[in-house]
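What follows are several structures.
Each of the next two complexes has chain A plus one more chain, namely chain B in the first and chain C in the second.
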Partner chain A sequence: MNETIGLYIDRDSPLHRLNPLTKVVFTICIVILGFISPWAWITFAIPVLILIPMSFWGQIGVPYLRALLKIVVPLALILLVMQSLFLPGETTWFRFWFLSVEYESVERSLTLVSRLVSMTASFILFLFSTHPSRLMTDLTRRGVSPIVTYLFISTIQLIPLMRTKANTIMDAQRARGLETEGNIVTRSKALMPMLAPLVFGSLVDVEERAIAIEARAFRVPGKRTHLTIVPDSQAQHLFRIALIVLTVVLIGVRLWLSLTS
Partner chain B sequence: MSFGERLKRDFSTMTLVLIPVAIVINIVVGQIVAALKLPVFLDSIGTVLVAVLAGPWAGLVTGTLSNVIWSMVANPDAIYWTPVAAIIGLIAGLCAKYGLFREWWKVIVTGVLVSLAAAVASAFISVWLYGGITASGISFVTIYLVESGRGLIESVFAASFIVEPIDKIITCLAAWGIIKGMSLRYVSRFPRAENVSA
Partner chain C sequence: MISFEQVSFSYPQAQKPLLEQVNLEIPEGSFCLVVGASGSGKSTLLRCINGLVPHFSGGRLSGNIRVDGLDPVRESPQVMSRHVGFVFQDPEAQFVVNQVEDEIAFALEHAAIPQQEMRIRVEEVLGLLDLGELRERELHTLSGGQQQRVAIAAALALRPNILVLDEPTSQLDPQSADDVLQALVRLNADLGITIVLAEHRIERVLPFIDHLIAVQVDPITGKRSVIEGEPRELLQQIELVPPLIALGKALAWQPLPLSIKEGLRHSRPLARQLSQLQPPQPLKHSDVPVIKLHKLNSGYGQHTVFEDLDLELWAGEITVLLGRNGVGKSTLLRTIVGLQPIRKGAVEIMGRSTRGKSVAEICQQVGYLPQDPNALLFSDTVRDELLISLANHKITGPAALERADVLLHKLGLVELAEAYPRDLSVGERQRVALAAISVSEPQAFLLDEPTRGLDYVAKERLAELLHTWRSEGKTLLIVTHDVEFAASIADRIVLLGSDGITADGPASEVLGASPLFAPQIARLFPQTGWLTSQQALQHLLAKS
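Our next item is the complex of A and B:
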């Protein structure tokens, strides 16, 4: 379970050792919190006050900050500028050239962007600290169908293999003189010779793999035993329940506030 | 045949093995197209392939997992657009069920229907989550329409209906080409082989 896969960063930290379900529940609650928060600054405070300290607790603080700066901050800035300029509004705040910024559009944009920032930031923290195999192993033990697990894990294992295959094909076709740069017609023409070998090559393996997993009693009904059990604790169980209750209460408060005002 | 039995037949072992390959085709082809800097996405060829060979529900599962996994391995934002991918699989599967994947010109009709559904779904997500203005290229079309005097919501929908059809028609034709390139014996191993043989 230690191969590098996707965004996961391998560390031996308390955050990594948490049961995956705890992190799933936590991530979902953070996302909901972003949507029910009445003020954008609360939503912006989530990544700064909760998620970044957590990433340092999980010994992935530096790569996490780097990911935020590379993925989240540029997106947030672009969206803020574009939405402030082009979302509709009434009260003009200031204008320059032919563009005008309205007070309402800035407010709306801050709400939208703060949600996206806290959602994406919590999601990245989850992906950085949770290995997909560990997540799926735990979910299968809790009753998720092994078929779902198979689809998940086998896709994740196939991606690097197919990427290698795609690069080999690209290099081979270039060596034969295929033009992959130039005007749009040339580039479109390059598409077929690259896609056809890749797609048909990978479809050939499908039938063989189907026979192989059927021969290993993949679809036999009945209860399975597990080779590895991802550890969970009573404390985490209580923590998850507390988080869910807290979120439900907050949703209630928010609904009550919006109904009475 | 009851719905449960139909599902059981659709999700045969061949389907289960095809789905991961289809998801990876979505991701890798999407990346090749981006590397060639072509003005389309083509990131749902695999989804349409599964939808035609194994029915709308398998298509829906492929689309959903595709975006979930893509967001896990490369681009966290992809998760927000999961409903669009799911709807593409569902609609493509329904079109194929009613015989719209048997000849090339019918495949174009499928492409148009899929793109309409995808456009509605992505416009809703765009409005609800981004207020209509996202960070992708399609927003330039939206902004152009807004600045020429149309309402924001109207512009978001119009932009989606302008951009989606070209992409989805090519996607469906590519999936059709792949199926035509398979041997009949191979196609007949899948639960909905009748969708493509006249």
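Our next item is the complex of A and C:
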């Protein structure tokens, strides 16, 4: 059975077995790489040449591609069009009615969109392949405050809970005659009756969980122990160091390039 | 083990104290039940035991509390967690991680128990709660009963001497609830753990307890009092009790029976008298079905929930749909109102197929109350809730105002018309939700688990409302796990199994013959057709 927690997709793959910290470091480095790259095409190449092959290595290629097409591509297209039309520029490329598209605005919007694409694509891959509990266990063992990891994991857990709650509320409101389907006006009218119970219900849930962990030794001062240790290896340790060094070097090169030009 | 001496408590900004000069003495190793109406302060009382009140809640607390030799007001809930395990109503709302073993280890990790010792303790509680095979499962894949057993295991991991549970079975079906209760009985009997349990459906727990606490609210002054003692003695002073106790008290059975087994000693001689009497017959209904299901099929994705289901529901009749969890009772209601698509077959309402109609159109004729009334309520006042439902059905202006007022009056909500719905008690919120779905004056009502979280008083008021609707000729289909409530309202019982409808007939016949769903009175007087203590008492007292 495929079980999903937050966005996690359960598979027994080498990518899934990597230590969560390795994936955290990798994701952060990829995002930085996207930001310091001088050309948009390099940033666009990251998802295509690195992330998508990695998703197939992690046996989550199909759902990953589907997520990219459903979330990242539409967002990127909208941003690209809007930015190209409204960012100021000098060299007019073409005119249509009262709209004009300048060469500089297209270039800048491409850079912006390429960064957004590589950033969201790497986060999605990370969330798809990293079990929240393993991440929390590993980070807490490495000395991250349990309050920080708890905040992170409870946010992830909230996603499926809120989804279920939203469905229940929508059904309840439809049963009292609310139209939830149709044109944009009908749909936006249906939003308030949906949102209020969802927000209040979720606040109650958050408070209940806070009380529950309070009664279970949460926030006791001092060190913690751990039932399971998430496996890590010397090779992964070296890989993480290499990634960090490489990123620092690349930042240096980029700074030097921009200073000399 | 647990003692309260002159304890009073008020929440911040509250005008009146919720607990006033409470004195309690719960002996070590006892199995203690706490009863009281919803909103009476049961949860607050329980939360004083591990210091959540006042540490988490704020507010003013006076008097002395001693728990396992400690003062929970001076110590923090974190320190108390080694002495008192706490389990809440909704298992899902209290989980922190995703997996069974990790969840159990959570408190141990935070209390810095060494890994070796932690392994031993996790094994120990997995065994105690019979969870060994589920250790690697993700929590959201477990049934409600399994989840609640994991919550109990997690609370026990720090080896507390006391386990406090706040309505742990209120969200569960009868089988899962029994699972949880049996686990508690074992913990109490085998390990001597002191158990303090708040529960609404007290008939399930009475056979196991040796100490009872009742939180009572004076209906006139609103003053709260807490009394405690030996269950049999204290039950004589409590007004709303399960049918077995009501009968035992009325007929002066001594000693007062707490279980059916004890009750049978007294009831057997009377059963012969009762069998000569004619049990109440269901009212005659009209001949035209209001709702007709014809070879109905429904399901989710690949999974078929029910197939070829035929059912006719009549005007002026209350039908209760019973069945184990997962057989499709809720799906059936959802399919009738169009929230779940019909795969095959048809639903007819007043002789017309619902095919092609929207949920809103169907719900003008059939009012549907989902399990959680909170999902319905979002307005600032109770009156607004009704006006919004009316506006959904295109009724506005003075006509809407008039109709809303009539309905508020009819459902006894006039005094709450300007109240904020989310501040109301569970029973009142449900009544507002019922009002909201009945504004279009539907011919039929489908209610999904309407007694969930209701105390005895709220249940009685709900039964009265359902009887009023029946006398007005409405059709009622009610899904419930509460067999005592079913016995008190049903004219007809439909039992749904995994292969479809397994029994359908008058309540007295179907409930009396069902080993799983028989109410207490039917167990005391088998094969007589009597279902409620009122019915039985009326005839027994008349005869004597």
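Assume the second predicted complex is superposed on the first by the 189 of 261 C-alpha atoms of A that agree within 3 Å, B and C clash if a C-alpha of one lies under 4 Å from a C-alpha of the other, contacts with A are read in each partner's own complex, and residues count from 1 in each chain.
Keep in mind that, in the parts below, a contact is a pair of C-beta atoms (placed from the backbone, for glycine too) under 8 Å apart; a residue touches a chain by one contact, two chains touch by 3 or more.
Predicted model, so just to flag it, every value in this text is computed and none were measured.
Within the superposed three-chain model, A:185 lies out of touch with both chain B and chain C [touch as defined at top].
By the touch criterion defined above, A:215 lies against chain C but remains apart from chain B after alignment on the C-alpha atoms of chain A. Of the two partner chains, both chain B and chain C are touched by A:132.
Within the superposed three-chain model, A:196 lies in touch with chain B and with chain C [touch as defined at top].
Look at A:87: by the touch rule set out above, it reaches chain B but stays clear of chain C.
By the touch criterion stated above, A:147 is placed in contact with chain B alone, chain C being left untouched. Of the two partner chains, chain C is the only one that A:227 touches; chain B does not reach it.
In the overlay built on the shared chain, the residue A:235 is in contact with neither chain B nor chain C. In the superposition on chain A, the residues of chain A touched by chain B in one structure and by chain C in the other are 5, 132, 150, 154, 195-196, 200, 205, 209-210, 213-214, 218-219.
Across the interface of their complex, chain A is touched by residues 11, 13-14, 16-21, 23-25, 27-29, 31-33, 36-39, 45, 61, 65, 69, 71-74, 76-77, 79, 129-135, 139, 142-143, 146-147, 151-152, 174, 178, 181-182, 186, 189 of chain B. Residues 50, 52, 55-56, 77-78, 80-82, 84-86, 88, 90, 92-99, 101-102, 105-115, 118-119, 122, 138, 140-141, 154-155, 158, 334, 337, 339, 358-360, 363-364, 367-372, 374-378, 388-389, 392-393, 422, 436-437, 440 of chain C are the ones that touch chain A when the two sit in their complex.
On chain A, the positions that touch chain C within their shared complex are 1, 3, 5, 131-133, 136-137, 140, 146, 150, 153-154, 157, 160-161, 165, 168-169, 171-179, 192-193, 195-197, 200-201, 205, 208-220, 222-228.
Those residues of chain A that touch chain B in the complex are listed here as 5-7, 71, 75, 78-79, 82-83, 86-88, 108-109, 112, 115-116, 120, 123-124, 127, 132, 147, 150-152, 154-156, 158-159, 162-163, 166, 170, 180, 184, 187-188, 190-191, 194-196, 198-200, 202-203, 205-207, 209-210, 213-214, 218-219.
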